[in-house]
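The same chain A turns up in both complexes below, where it pairs with chain B and then with chain C.
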Partner chain A sequence: MATKSRANPELRRTVTPWGSFSWGYSDVGADIFVGLGLVLAAAAGASNVAFLFAGVVYVCIGLAYTELAATYPVAGGGQYFVMRGLGDIFGFIAGWAVLLDFTIDVTLFAWTSVDYSSQLLPSLTNSIHPWVHFVAVFALVMGLCLLNVVGVRESTAFNGVVSALDVLSESLILCLGFLFAFRPSLLIHAMQFSWPSPYQLMLGTSLAIISFVGLESISQAAQETQRPASIIPRTSVALILTILIFALAYSNLALGMQPWHPITDAHGHHLAFWQMFPNSPDNQGKAVALLAAQVPYYGALAALYVPVLGAILLLISSNSGVFGSSRIAYAMSSSNLLPAIFQRVHRRFRTPAISIVFFSSIAVIELVFAAVPGLFPAAASFYARFFRGENGLDFLADLYAFGAATSYSFVFLGLIGLRLTDPLSPRKFKIPLNIPMRFRGERVEFPIVAVIGFVGIFSILLFTLRTHVLGRIFGPSWLLLGVLLYLAYRRYRRLPVLQSRQRDWRNEQTEILRRSGELELMDEYLANLKESDQRRAAGSSGA
Partner chain B sequence: MIAWGAAHISVAGILAAIIIAGSVGSTLYWMLTPPASYVQKIAKKAETELAEMVGSLIVAFSPEIDSSHMVALAVKLARGEKSEVLALYIIEVPYTLPPDATMPAEERIALDVLGAAETIANKNNVAIRTETIKTRSTKQAVLDVAKREQANLIMLGSFREGKYTGAPLSRIIEEITADAKCDVLIGVEGKHGTLLLSDESVQSNPQPV
Partner chain C sequence: MLLVRALLSVAIVVCGGIVLAEMFASMRMAGIMVLPGTVLGAAMVALGTHRLLLIARVRGILR
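Moving on, here comes the complex of A and B:
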């Protein structure tokens, strides 16, 4: 009698190179809309230097993610790489830090999406109508939560179109801005006479890193990407370069820009363009739209569409925080790093509803904490006394920078760990500058760039802890709370608490490569394993 | 520095604009043109061969060749590759009759078959020509037309009625396949065969004895 077999359903590999790029771009590309104003406000004449330092670190981060996502094309991202390289508890800490980032991502980008909309709808301006602003952001967060619970997500095609429009638009703004409004003497003047104090420069650098957060999205979509080991390195490198070009170009243009229309302060004194941002949270939240409007001639058109495009891109990024957090929680739960409840799928909607609602609730708590000083003047004095007056965007940016710096630090360590413990996995993309050496009988390559990247991102983490009062308190508190929950969960489930669970990484890696369609790499991996086993057998028999 | 209306044009600004446009454009171009994998190269070759195969396409009919179910497939292939279809009906005239003998019943069937083919093609917006040929040998007529048309593919349908003759797909079809200088695609409807049926489906749909 014939037997019927039914294959397990797998994620379809429908994401093309542009699709993969746009998944990352809709997340990272939105960051400059938030980061530019904050960095100009903090680092003043050294904003371009702050972006350059963060950009160099970001290139290292990007290269690390590229190598890892191409070698392990699974839907887990940073926490999976760290878990595999360093063990369960470190995987949990990295994942928990990413979860903090994703919840902040939801609130921060919904907040700035409303800020950009306020450029066309002044009633949404936070400083004038804080309650309207709060209600609008709250409605966006709840709306995104609801859409994700019922299973409506923006499609890859929609992401692709918005990303294409934005790349085109930003390239136009920058090219025309440099062409028509750039005065090198203004840039030099700003760098000479408005150089910030070391404290402000550290603050600016720690904020600049938030312009480069979101590479995680590409590796998360790895399981749905066509030929991930070949495509992801290209899309990641292209994303890294594009974002780096935009960030450096924006910061230099902002410092050296001759505004189309004169900008004056309350006393009627003329201001340079970048001077619009210090002490003006409203302006900080919509810096790109303000810059685009000051490009001669083109600004007339840009003033109309850039706020809309920015608001849409920021909303997509906010949405990526909602489903990204549920995805990470699902992956962590599958690896026994989080309780199984985060894997539970809603019967009707077939979505991880509990996970979505849980992390959206945390996003709402963060929103309330950020909005309270604006809503209640009495609270503002409390914040001024205990948190140096940080509120709103500052609070969200603090935690965003903390989460990113923490998770990226662990990803670098995870990369070093995997280079040492898993040298047999074929790496279609390998970070340059490596030291060949032997480790546990295998030839390995120690990555110098990962060490440089770790030093860079760890210094940004220290800058964040030094300069961000709220980040210093709430970031480590989040991690501590998570570790306590993790320890309690592992003890309850009778799993190794500080050790890692035993896993058959060899079979898992073979299966990962088979499922991703990288058959040539799978053959290479199996050949490497065989050769290694034979070498070990020969060594032990010789001994 | 040149002031032009509200614009301030500088050499550094022009250089920066060119560098930004060039680097973003070239980065994206490089990203979108990855080298093909081995599997993709095989797929590309197969697609090219298919495009050549259906460049000129003949669907042949005769009383022994029932290709009615192949017309829709031929039209779909032709539409994808923007090629032309020739629907050919062969009436085999027996040696007991003169070569141009009138055969009203067969000619009527030919009109129906070719009319149906035209309807399917028109519905799918595919160019189709129809032709009826009277001949002593179906095989030779199909091969001659294929040569005349420089056909890349001949499509034939089969009943599998000739299975007891030692030529399961009928002798004419096997001879055309053996002698044709182009590709031949033979379609056998599942309902005429038993090879694809599992035990379970045979049990659930018992065939009449």
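Moving on, here comes the complex of A and C:
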């Protein structure tokens, strides 16, 4: 037994409900720090509408992840659900898209962490000192890679403290902002007179989805939570609603804020708050800090600590990209979707060092692509000519939106597939609005919300392909490269190339429920299997 | 601690209710533009209610 546990070490299930919430919050909650400025710059007076559309889709995604993570509490996340529901190749595509997101996550959040720090240390500003900014982001990525290789990871307790401080701080900013700075008439005025073109609205909506990325953390937390079927739905619903409220509240406040300290441009003209963002990548990268500084009475204090809090939260999120990519690659490798090298553990540090270094290297390549136009004027003119002058932050946001929309689209299809092919697994949490029907002799429930969510996220994927010049080139290229590598690997290993490997899902599900401590659900599952087998036997003998 | 959480949850519900009331009051003037605010208010009411239900379950008021 000791030998077995050494060969296959399991993750300890020690995460509490608050730990589970803060784990998700430190990942998804940081997104608004990045997304707000980008969406305000793109969608102007319709920023709140862009957040609303993306937010409704996000609620559907969140509910889907909650059901799946509570039913299949394994760390593989989206790729595992899709592989189980649709087959190996689709599982690979979903997982490969998630890996793109995780590597972008590393660079994008390190980038914006430096942007937030530049609020207090102006020498880090990208447009004035691009090389200093580049070196700072590069150093952060390298530092996180090194920390993860040697096995130092921020503790759940640290996540919990930072998340609690952030929820408190954001609530305070919003409450005081709405009390003292918000004017409904200003909001309506901004919406009426600064309504963007359909193209800009599509761009804003596709960028708004990046404020809601990171739901993989729900399934990662599920793997380390005791009795996840009970705990995950409780914490996930609170997490989903909290993030939605913050995103909608910030966008409404930004549009309807009467500046206490009037904001003026270089010529002394008064500007609405959202007008600080178009054509200013520096401002886009630190929108929450700028907004907090405009809140009456509290702004002077907020201007000092919000950049620090934002930088820390973003750094934690960046770290979750390094950690998460190696973990997803490990899970994909265990399922024979990636080569076994991604499972290799460093002898001394006991960490998946090769995975960590490989995906951190991809993050550095992405950083170079993002930083090039700022570093070399010749490259900037090339970007201006061929990519509509997209800047570094746009490049990262493009790919982030593409990866998220692709993987989430597959997760909805995976959910529908699993509802049809695995109706016997007990679902302690089920997304609402289902149509009861029969499929292959079993009673199943077809999820309407998954269809609505799929239509929503697929339209965001189309918006991304339509409006993101770099995203529509590099995103599909990443997927194509991955599929080619997958086909070559499966062929080399003599595994089914387009088909799926045969797996004993019944035993695997029983084992998953046993390991997670959901013994009642395991008994219910075994009873369901027995009843189904008896029914089938009676049916075939009767025939 | 549970009492503080319950009070916070009630506060969230009340704030959400105020946002909803404001939005419905502005509907004649602003029309469809109140939609993001209405969803914001509804989400606040939902979050507060969700937390209150959890607390009620912990206290054994609800099963």
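As a working rule, the second predicted complex is superposed on the first by the 534 of 543 C-alpha atoms of A that agree within 3 Å, B and C clash if a C-alpha of one lies under 4 Å from a C-alpha of the other, contacts with A are read in each partner's own complex, and residues count from 1 in each chain.
What we mean here is this: a contact is a pair of C-beta atoms (placed from the backbone, for glycine too) under 8 Å apart; a residue touches a chain by one contact, two chains touch by 3 or more.
As the structure is a computational prediction, the values presented were derived from the model and not from experiment.
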Winner by number of chain A residues touched, once chain B and chain C are compared: B
Touching partner for A:234 - first (chain B), second (chain C), both, neither: both
Contacts of A:55 with chain B and chain C, given as first, second, both or neither: second
Contacts of A:251 with chain B and chain C, given as first, second, both or neither: second
First (chain B), second (chain C), both or neither touched by A:441: neither
First (chain B), second (chain C), both or neither touched by A:268: neither
Which of chain B and chain C A:432 touches, first, second, both or neither: neither
Partner chain in contact with A:191 - chain B first, chain C second, else both or neither: second
Partner chain in contact with A:242 - chain B first, chain C second, else both or neither: both
Contacts on chain A seen with chain B and repeated with chain C across the two complexes: 184, 234, 237-238, 241-242, 245, 249, 252
Contacting residues of chain A [partner chain B, same complex]: 1-2, 4, 17-18, 21, 167, 171, 174-176, 178-184, 227, 230-231, 234-235, 237-238, 241-242, 245, 249, 252, 258, 260, 296-297, 517, 519-520
Parts of chain A lying in touch with chain C, wherever the complex brings them together: 48-49, 51-52, 55-56, 184, 187-188, 191-192, 234, 237-238, 241-242, 244-245, 248-249, 251-252
Of chain C, residues touching chain A in the complex: 22, 26, 29-30, 33, 35-37, 39-40, 43-44, 46-47, 50-51, 54
Residue ranges of chain B in contact with chain A within the complex: 1, 5-10, 12-14, 16-17, 20-21, 23-24, 27-28, 30-32, 34-35, 37-40, 198-200
